[in-house]
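Since the structure comes first, as structure tokens, the remarks are kept for the end.
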Amino acid sequence: MKAVDRIEVRETPLDVAAEYSALQGNSGDGACALFVGTVRDFSAGSDVCGLALEHYPGMTEKSLQRIISDARSRWSLGRIAIVHRVGPMQINDEIVFVGVTSPHRQAAFAACQYLMDRLKTEVPFWKREAVSDPSGKSERWVEARESDAVEMEKWSAG
Amino acid sequence: MVKVLFFARLRQQLGTGEITLGDFSGSLGDLRTILCEQHPDWSAQLQRDDIRMALNQELAEPEAMVNSGDEVAFFPPVTGG
Amino acid sequence: MKAVDRIEVRETPLDVAAEYSALQGNSGDGACALFVGTVRDFSAGSDVCGLALEHYPGMTEKSLQRIISDARSRWSLGRIAIVHRVGPMQINDEIVFVGVTSPHRQAAFAACQYLMDRLKTEVPFWKREAVSDPSGKSERWVEARESDAVEMEKWSAG
Amino acid sequence: MVKVLFFARLRQQLGTGEITLGDFSGSLGDLRTILCEQHPDWSAQLQRDDIRMALNQELAEPEAMVNSGDEVAFFPPVTGG
């Protein structure tokens, strides 16, 4: 069965149930690993009241295609979907969905985690937080985390 | 003609998301040097160690050669997902 | 927020969308890793026409509770759900759903994979295939795979 | 009284899913020996290396002591998920 990749960057809410259904039907694949990232509650006492995502249209899709193609060269995979939301979001909204099917659960898990690790370190999305304090409303860009780069290193070591 | 894009924090700091370089030949590193010369107030931000560069929508090193018609981008580390 | 575990062994189809929804709402958890196992197409030329799962009621639930509790002692996790189907099934039916939420994606992925690896090697479920050939209908028990035991070893090494 | 359960392939091979041992004291290994003595035709199956034993719904080793009222189970390697 031909491999099918789904890549979408969208401003509207993700539909996890629909994304999961779309991954099904490849009857040779007994394993399906999924990851969903949501907007976390902001730390206690924080003045953050919302989140927005900016991206680099064109390069985003190209990067996603590249990391999917690299995952396919490492593992035997069936269907792959990466859907990422951009624009303004609220707490508990889903930001990203990654789904991978495979005949083998180890491959499905590894590929799903690999795609998330690469997405976190090289696909051009940027988060900014809306801040509301006594002096009024403002915005601040979320800083990249060192731990994401460290996670990525394990894939080159292998 | 080279299209130069800026994203996220960098876009806000420079106060622009896109400029055009009319007559340029050289590497991506050369292009950054020229931008810093033309806009001395951009220099500190554009030369930060963590700024990433893309050439035609692919991550690229300072040595990459830029040709007329190319699209170049500068941006801070990504924070999606 | 108090940790909530969902364990269910059922004879009716799994509802992945409902299971995913039930995992949500823990607003400190930005990460959700899921695994779904389905009945694979049987190998080409095979005479297998169906699958059924038997289990050891009582011990099954106890084993699932134990592996969840061991996962919680290894990682910081939010909600955990394991739902396993028993009885007769068709190709593409979902057999097992494992879902884990966490503030950290590495923990969510690791725990989800750990739960599947332990489930595969110690929770008392057994698969049998229905076979149909010219001599009539019969059944055969699926053999355990060496590779599942090997996967399990990596968790003790760590 | 000890309840003894058999599952999956083993249940089908022995032709029964449950028996009761009326008067037993000893280890799980002893219990298996007694079953094999009482049912010589079960011996080959019950003594296979890959047969797992559970005591009160927990995996257990042959050394585990069985008491009256306990539930014992024998079964082949699990194949769920």
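Chains here go by letter, A, B, C and D, matching the order in which they are written, and residues are numbered from 1 within each.
Here, a residue touches a chain if its C-beta (ideal position, glycine included) is under 8 Å from a C-beta of that chain, and two chains touch if they have at least 3 such contacts.
Everything numeric here is computed off the predicted structure, so don't read it as measured data.
Separation between the centroids of subunit A and subunit D, computed from CA atoms only, is 49 Å. Averaging Cα coordinates per chain places subunit A and subunit B 26 Å apart. The mean-CA centres of subunit B and subunit D are about 72 angstrom from one another, to the nearest whole unit.
Residue numbers of subunit C whose C-beta contacts span two or more other chains: 37, 116.
Residue positions of subunit D with contacts to 2 or more other chains are absent. If the chains shown are joined wherever they touch, the resulting network is a simple chain of contacts running from one end to the other without closing. Pairwise chain contacts in this structure: A-B, A-C, C-D.
Partner subunit C is touched in their complex by these residues of subunit D: 5, 7-9, 12, 50, 54, 57-59, 73, 75-81.
Considering their complex, residues 37, 53-56, 58-59, 62-63, 84, 95-96, 116, 119-128, 141-145 of subunit A touch subunit B. Those residues of subunit C that touch subunit A in the complex are listed here as 16-17, 20, 24-25, 27-41, 91-92, 103, 105-106, 108-109, 112-113, 116, 151.
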